[in-house]
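Presented below are the structures under discussion, each in the form of C-alpha cells.
Note that subunit A is present in both complexes that follow, paired respectively with subunit B and with subunit C.
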Partner chain A sequence: MAKDQREASTLDASGGTALLEDAGSGTPQDLPPVSPVRASGGRFGAVAGFHSNHPLAALILQRIALSVGLLFAVSLLIFLGVEALPGDFAQTYLGQSATPQAVANIRADLGLDRPAPTRYVEWLGGVLQGDFGNSWASGQSVTSQIAGRLGNTLFLAFFAAVISVPLAVGLGMLAVLYRDKAPDRLINIFSLAAVSLPEFFVGYLLILFFGVQLGWVSYPSTVFSGMPFADRLQAVALPVATLVLVVLAHMMRMTRAAILNVMSSAYIETAELKGLNAFRIIARHAAPNVLAPIITVVALNLAYLVVGVVVVEVVFVYPGMGQYMVDAVTVRDMPVVQACGLIFATVYIVLNMIADILGILANPRLRHPR
Partner chain B sequence: MTSLLDVRGLKIEATTYPPGEAPRDITIVEDISFRLEQGRVLGLIGESGAGKSTIGLAALAYGRGGVRITAGEVRLDGEDILGLKRPGIRQVRGARVCYVAQSAAAAFNPAHRLGDQIIEAALRHGLMDEAAARERAAYLFGVLSLPDPATFGERYPHQVSGGQLQRAMTAMALLPAPELIVFDEPTTALDVTTQIDVLAAIKRAIEETRTAAIYVTHDLAVVAQVADDIMVLRAGKMVEYGPVRKIIEAPDAEYTRELVSVRSLVQEEAADQSDRLLAIEGVDAAYGETRVLSDVSVHLPRGQTLAVVGESGSGKSTLARVITGLLPPKDGTVRLAGETLPPKLSGRSREQLRTIQMIYQMADTAMNPRHTVGQIIGRPLSFYFNMHGARKRQRVQELLEQIELGEGFIDRYPAELSGGQKQRVAIARALAAEPTVILCDEPTSALDPLVADGILKLLLRLQKETSVSYLFITHDIATVRAIADSVAVLYQGRVVRFGPKSEVLSPPFDDYTDLLLKSVPELRVGWLEEVLQERRMTSAGH
Partner chain C sequence: MRLRSIPPSAWIGIAGIVLALVCAVFAPWIAPYGEREIVGDIWQPVGGDFLLGTDNLGRDLLSRLIFGARTTIFVAMSATLLSFSLGMILSFTAAVVRGWTDQALSRLNDLLMSVPTLIFALVVLAVLPQEMWILILVMAVLDSTRVFRLGRAVAVDIAVMDFVEAARLRGEGTVWIIFREILPNALSPLLAEFGMRFAFAVLFLSTLSFLGLGIQPPAADWGGMVKDNKDGIIFGIPAALIPGGAIAALAICVNLVVDWLLNRTSSLKGGRG
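Presenting the complex of A and B:
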C-alpha cells in the first residue's frame, strides 16, 4: 500500500508541475522565454526517448523487468536458505545406521560434495528449462511429481477465489450501502473475528462441526486422480471454506475502505449535483476509480490462497503443494523444497506484477499522458 | 409575479460529534431570505464559516456532509424544492439548477473525458440528444475562450490546466441551459493572472445565456465585478443585502464597512535599503532534474521587509527552502550578515539555525497538535537558550503578550485556537529564537481578510520593536503594499524585477509585472470591463 501511495503522490506532483507549465495560457506571448528543463538526452538518450514516447509501455516493461530480477534474487535466497538449514539428507535418510562412510557415499551420489555456486548454477539452469531435478527421497523427477500436486492446490485456490472474491466485493459494497448501520456493523464484527482466528483453528473448528458432529463432509480431504468431479468438490468443501474465511475479511475491509474513500470525493458530489441516480453514480463515477485499489488487494489475497495454503493442506491432509513441501522439509528432500519455494514465490510475484500492471492501466493519467 | 428563486426563512443545521462529549446540533445558517430574477447575479460574501456555500447548495436542495435544511422554503419558479422527494430533486439538479465547485480539479472525475462529463447531465435528463449536446459543448468552449473548442472535450481532466478546468466546469454548468447556476468560489484557487480570464469568461457566459446565478466568494473585489446584488453574511446570519454599488460605496453595517476598507493598509517604505543583512547571490536550485530557480540574486536589509511575489510554481517557497538549508542550491550562495551560510542544513551551527526562523502558510500543520501553546513556544527557548522551568514559562508569557494573546492561552492546545490565533502562536515560536530574519511563507493567505490584516499589523509592530527582518512570500499584491520595503517579482524561477517597492510597483513595467498588477481585482464596479477593454486595445495595436 505504501508503495502505491508514493506512486500516486509522484504522479500528482508531475501533474502539478505540468499544470504550472500551462498556467500561463492566459498570459501574453512576449514574456521572457523559459525553457522547460526535462530529463532527456544524455547517456540514456534512447531509453529516455522510449520513456517519453511510450510512457505506459515503458512503465509496464519496467514492472516486468523488476519482477524477473526479483525472481532471480528469490531463487538465490531459496538456495541459500536451504543450504543453511540444519541437518542433512544423508543423515536423516540413513538414521541410526549412518556411518561416516555411508553418509559420504550418499553425499557423493547426490553431488553434494561439489561447491555450492556450481550446484546453484546447475539447478537454476535446469529450472529455466523446466527441470527441477530428481527428488532425493524417491528418486523420481520433481517436475512430474509437482505437476499433479500443483493441480490439486490450484483446484483448491480456484474455488476459494471464485467464492471469496465476489463475496468480499459484494459484502464490501453492502457495508458501504449500510454504512454505520446494523448490516455494516455485523459484517465488520464477523470479518474481524474471521481475520483474528488463525487458519488451523478455523480449519479444526469446521472439521469438528461439519465433519465429526454433523457428518456432512468426509475428513480427511483426500483426493486422487480419476476421482469423480462431484466427490472431489465434496472433498475440498471444508478447506475451501477455511480459505474463504481467512481471505474474505481482508478483501472485504479494503473494498469497503476504497469505496468509501472514493464516495467522499468531490467528483461524486458533482455527480450527485448533476441529478444522477445512485446506480449510475456508483457504476460510472465510483467504480473506475475504485478498481485499482481493489485489484491490488484481490491479487494479494489470491497469492495468499496459493502460498498460504500450506497450513490448510496439512490440517486437512490434502495432497497439494503445501503438504508436499512440508513432507519434503521433514526428510530434508532439498530439490523438492527448492522447487516448491520457487513456485510459491513465482505465483506471489506474478500475481503482484499483474495487479501492478492493471493498476497502471486503470490510471487515466498514465493511459492518456499529456 | 413569482421570482425565479425565492428563498424564505432558510435555516440549516448540522450535528457535531465533539470527542468525549454528547453529539449536539449547531445552527449553520439562520433566517436567510432573498429573491433572484432571471439574468441576475447575487453575490454571497463572508468569511469562512459564514455559511455562504451552504446557502448556495441549498438552492440545489443539497446539504454537504450531513448538513440538514431544517426550516424555510426554497422556491424555484414558485415550487418549493425542499418538499420534493428524491426523484423530484434529481429532476432539478443538473437540469434546472447547476453547480460550479471551487476546485474543478477535484470535481471532475479523473477517469472520464471532459466532454463526456460535461454533456452527461443534459443527456441523462433527456434535455437534448448527444450530437446536439456535443455541439453546444463546443459552442460553450468557444464562449469560455477554451483552446480548440471542437476537440477540447476529448481531453482528460489531468491534461488541461487549472484555469481551463474551472472554465470547463462552467461549461458543464451552462450546458443544460439551466435557470440558475451556483458558483462556489470558482476563482479562489487560481492565480490572479488566471483568475481574471476565468472571471471574464464566466461574466460573458452569464450575459449570453441570460441565466441567473448565485456567486459565492470571500473576495468583495471579485464579486463586485459579476454581481448585481450582494448579501453579506457573518456566522450564518445576514448582515446586509442590497445592490452592489450600495454595498461597496455606502455600506450601512459596520461589518461591511470593515470588509470594504480591509487591505487598504499601506506601509511606508524605508528610505535606505543599502544594507545587506541577508544576501542571496546567483542561486540556482532544482528538484532532481527539474530546475526551479535560475540565477536568483536578492538582498534584504536589517529591520526591513522584502516581499517575494509570484504565482504558484514560480519558485517562491523553494527560495525559502534554499535559505533555510532544506534544499541545498546547485549554485550560488546565501550570506547572512556577511557570513556565507553552509548550503546544507546539517552543516549549520545551532547559532546559524537560530538566526533564521520560519512561519508557514498552514499554522495548523506546522504545530504538534498534542503540544500545548506553552510547549510549542517553549521549545525554541530550551533548544537555543537552555531555558527551563519558571524562567521559560515567564518568557513564554512575555511572548504571548507580544502577540496580543493573554495569559489563558499558555495551556491550550492548537485545536482550541482559531486560525488567526494559531498563526500568532507560530509567530511567537519564531520570535522566541530571537532571529534576525524570519521567512514568512504566505502566512496570511489561508486567513480571512480581517484576520489577515490583524496578522500583518502585528508583524509590522514586532518589526519596529525587535528590528527583525522579514522575507515575505506572497502572491497577493495588496499584502505587498501593506508590508514590504522592497519587492522581488519571481516568474518561472527567475527574478524579473527587484528593488524598492515604490520602483517595482510603478511604471515602466516589464510585461509580467504589468500583467500581474493589472490582474489584481479592484474594489469598484466596472473594473473588469476596463481591464478587458484595455487588453483589447493593446492587442489591436494601440
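Presenting the complex of A and C:
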C-alpha cells in the first residue's frame, strides 16, 4: 500500500503530468490513481479535445507516457530492491571481522548513513543527467566505464538481430507453407531442441568446434577501441552465432503460430472459397493482418536478446554490459549493478513500447481496445 | 487414456525424465564415487578409468553428474512448486475478489514483468546472502509472475460460470470458491504450463549457477559444473560440455512431454484453428 502511494507520487513528481492526464483519459484502469491531477479543470478539456482530433497521436502519446511511468516505477523498484532488502552492505563489504568504527566510516564514505528517500532523489537526478555515481570497487565514474561497453553490447546485439530476424521470419513462413509436411516437422524438432539448449552450452560447443579444433576464430572474443572493423567482425562471429541460434528458435515458432492463426481465420477461408489465387490471398488478405503479430514477435525476441547477451558475453569473455554487470554482482558493487539493471530494463521496456506502437500503426483494430 | 496413443517423442521425454529422477533420488547408491571425492588426475579423458573422465579438481564427472541431478532437480522443482502455489493462489484471488485487490495485484505483476527475469535476479541476488532457500525463493517469486498472468486469464473465464455464481449465492466463502470451484477446473490447462515452467527453472538455475550466483561449491549442480570446467575448453577438453548436455537433455525431454500434452488438450477442444 505504502509502495503504491510512493509510486503514484513518483509519477506526479516526474513532471509528465500533461502526458499522464492524456493517458488517463484513454484507459484509466492502466494507471495508479492520479485523480488529484485530473481534477485540474480547464487543461483536462484541452487534452480531451486533442484526443478527439488526433486519436492516433493521442494513443501513441499515451503508450509513451505509460512507458515513462513504468520506467520511473522500475527505477524505484531497482533502488528499493537494493536498499530495503536485509543485510548491511558495509558489513558484508568489509567482512565479519571489521570493527564497528570501520563499518561506520565506510557507510559515511558511501553515503549510506543518509535517509533512503534523499538518496533515491539524488540518484535519480544524477541518472537523468547521465551520471550513475561512482563504482564502489574502483571508485571511478560508472558512466565513463559503461559508455564503451554499451557500444560493444549494442554492436553484438545489432548483428545478431540483423541475421536472426529475416532468417526466423523466412523459416517461419516456410514452416507454414509446408505445414505438417517434412520441412515443417524438421523445423519443429530443431526449434524444440534449440529452445531447450542453454546459451552457454551452445557457446562452448561452438568455441570447441570452430575456435579450438578448426582454429577459424580466436577465443576469447576480445575487442578494444581502435580495433580494425574486420577484426572486430571476426571477434564477434561466434557470440553472434550463439545469440542467433538461441533467439532463432523462439522467433520462428512464434512467427509460425502467428501466421497459422491468421491463415486459419474465416476471411481467409472465404477468400479461398470464392476462388482467389494463393498470391492474392497472401498479399491482400493475410499480409496486412499478419504484420502486427510478426512485429510483436520480433520486438519481443529482441527484448529476449537483451537477456541472452548477458550469458553470451560471460561465455566469450566479451567486454560488454552483461559481463560488467555479472562482475559487479559478484563483488556487490551496487552502483554498477543499479546502473546496468536500469539500462537493461530501459532497453527492454522501450523495445516492448515500440512493438506496441508499431502494432497499433499496422493494425487499426488495436486502436479501439475492447 | 490408452498407452498406445502416446507418441514416441513423448515416450523419449518420459524415459529421460524418469532416468533423471532415478539418478536424483538414488544418487548415493548409484554413483561410483563420492560427490566431493578426489579420485585421480585433473581432466582425464572420457572412457579410460572413469566413464566420463574427471573434472578440474580430479573428481569423477559421472558421480558429480548424478549428484548434480539431485541438487538441480530439487531446487528447480521446489522453485516451480512454490511459484505455482504463489501464482495460482494470488491469481485466483484476484479473479474471484476483483475490484481493488485485482487492480493492485495485476499492476504489481505488470511492474515485475517489465524487468527481464535474469536482470531482476542479478540485482536481487547481488544484495541477498547466498543461501539455497533464498535462491529458491527468488526464482519462485520471479517465476510466479508468469503463472499469475496465465492463472488470472484462466480463472477469470471460470469465475463467470454458473456453478461459481451458484456457490456464491448459497453463501460459500472466497477460500471455498477458490479451492473447490476454480482450482479443479483450472488444473488441466495449467498442467502443461507446469512442465514448461519446470524446464525454464532448470535452465534458469543452471544459468545462475554458471554465472556463479546459484548453488555454491563444493555442492555439485549442473550449471556450476559447467562453470568449474569451462577453462578446459580452450585446451580442447570437453568436460564442460557433459553437464551442459545433461541440462539440455533434461530440458528437451520435459519440452517433448509438454508438446504432447499441449497437442492433446488442444485436440480435445477440437483443434487449434
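Everything below uses one rule, namely that the second predicted complex is superposed on the first by the 282 of 370 C-alpha atoms of A that agree within 3 Å, B and C clash if a C-alpha of one lies under 4 Å from a C-alpha of the other, contacts with A are read in each partner's own complex, and residues count from 1 in each chain.
Here is the rule we go by: a contact is a pair of C-beta atoms (placed from the backbone, for glycine too) under 8 Å apart; a residue touches a chain by one contact, two chains touch by 3 or more.
As the structure is a prediction and not an experimental result, all values here were calculated from the model.
Can A:Gly275 be said to touch subunit B (first), subunit C (second), both, or neither?
Once the two structures are laid over each other on A, A:Gly275 reaches subunit B alone.
Examine A:Leu205 and indicate which partner it touches, taking first as subunit B and second as subunit C; both and neither are also allowed.
In the superposition, A:Leu205 touches subunit C alone.
Which holds for A:Thr118: it touches subunit B only (first), subunit C only (second), both, or neither?
A:Thr118: touches no partner chain.
Would you sort A:Gln62 into first (subunit B), second (subunit C), both or neither based on which partner it touches?
neither
Under the stated touch criterion, which partner chain does A:Thr222 make contact with: subunit B (first), subunit C (second), both, or neither?
neither
Could you look at A:Gln140 and tell me whether it touches subunit B, subunit C, both or neither (first, second, both, neither)?
A:Gln140 contacts neither subunit B nor subunit C.
Decide which partner touches more residues of subunit A, taking subunit B and subunit C as the two options.
If we count touched residues of subunit A for both partners, the winner is C.
Same subunit A residues contacting subunit B and subunit C, which ones?
32
Touching subunit A in the complex: which residues of subunit B?
Checking each residue of subunit B against subunit A gives 60, 62, 64, 89-95, 98-99, 101, 103, 106-112, 120-121, 124-125, 147, 156, 158-164, 191, 193-194, 196-197, 286, 288-291, 294, 311-313, 491-494, 496, 511-512, 515.
What residues of subunit A sit close enough to touch subunit C in their complex?
On the subunit A side, the touching residues are 4, 29, 32, 70, 73-74, 77-78, 81-82, 85-87, 89, 92, 192-193, 195-201, 204-205, 207-208, 211-213, 219, 260, 264, 303, 306-307, 310-311, 314-315, 325-326, 328-330, 332, 334, 337-338, 340-341, 344-345, 348-349, 352.
Please give the residue numbers of subunit C that touch subunit A in the complex, ascending.
103-104, 107, 110-112, 114-120, 122-129, 199, 203, 206-207, 210-213, 223, 226, 230, 233-236, 238, 240-241, 244-245, 247-248, 251-252, 254-256, 259, 272-273
Under the stated contact criterion, what part of subunit A meets subunit B in this complex?
Interface residues on the subunit A side: 15-20, 22-28, 30-32, 34, 37-39, 265-267, 269-277, 280, 284-285, 288-289, 364-365, 368, 370.
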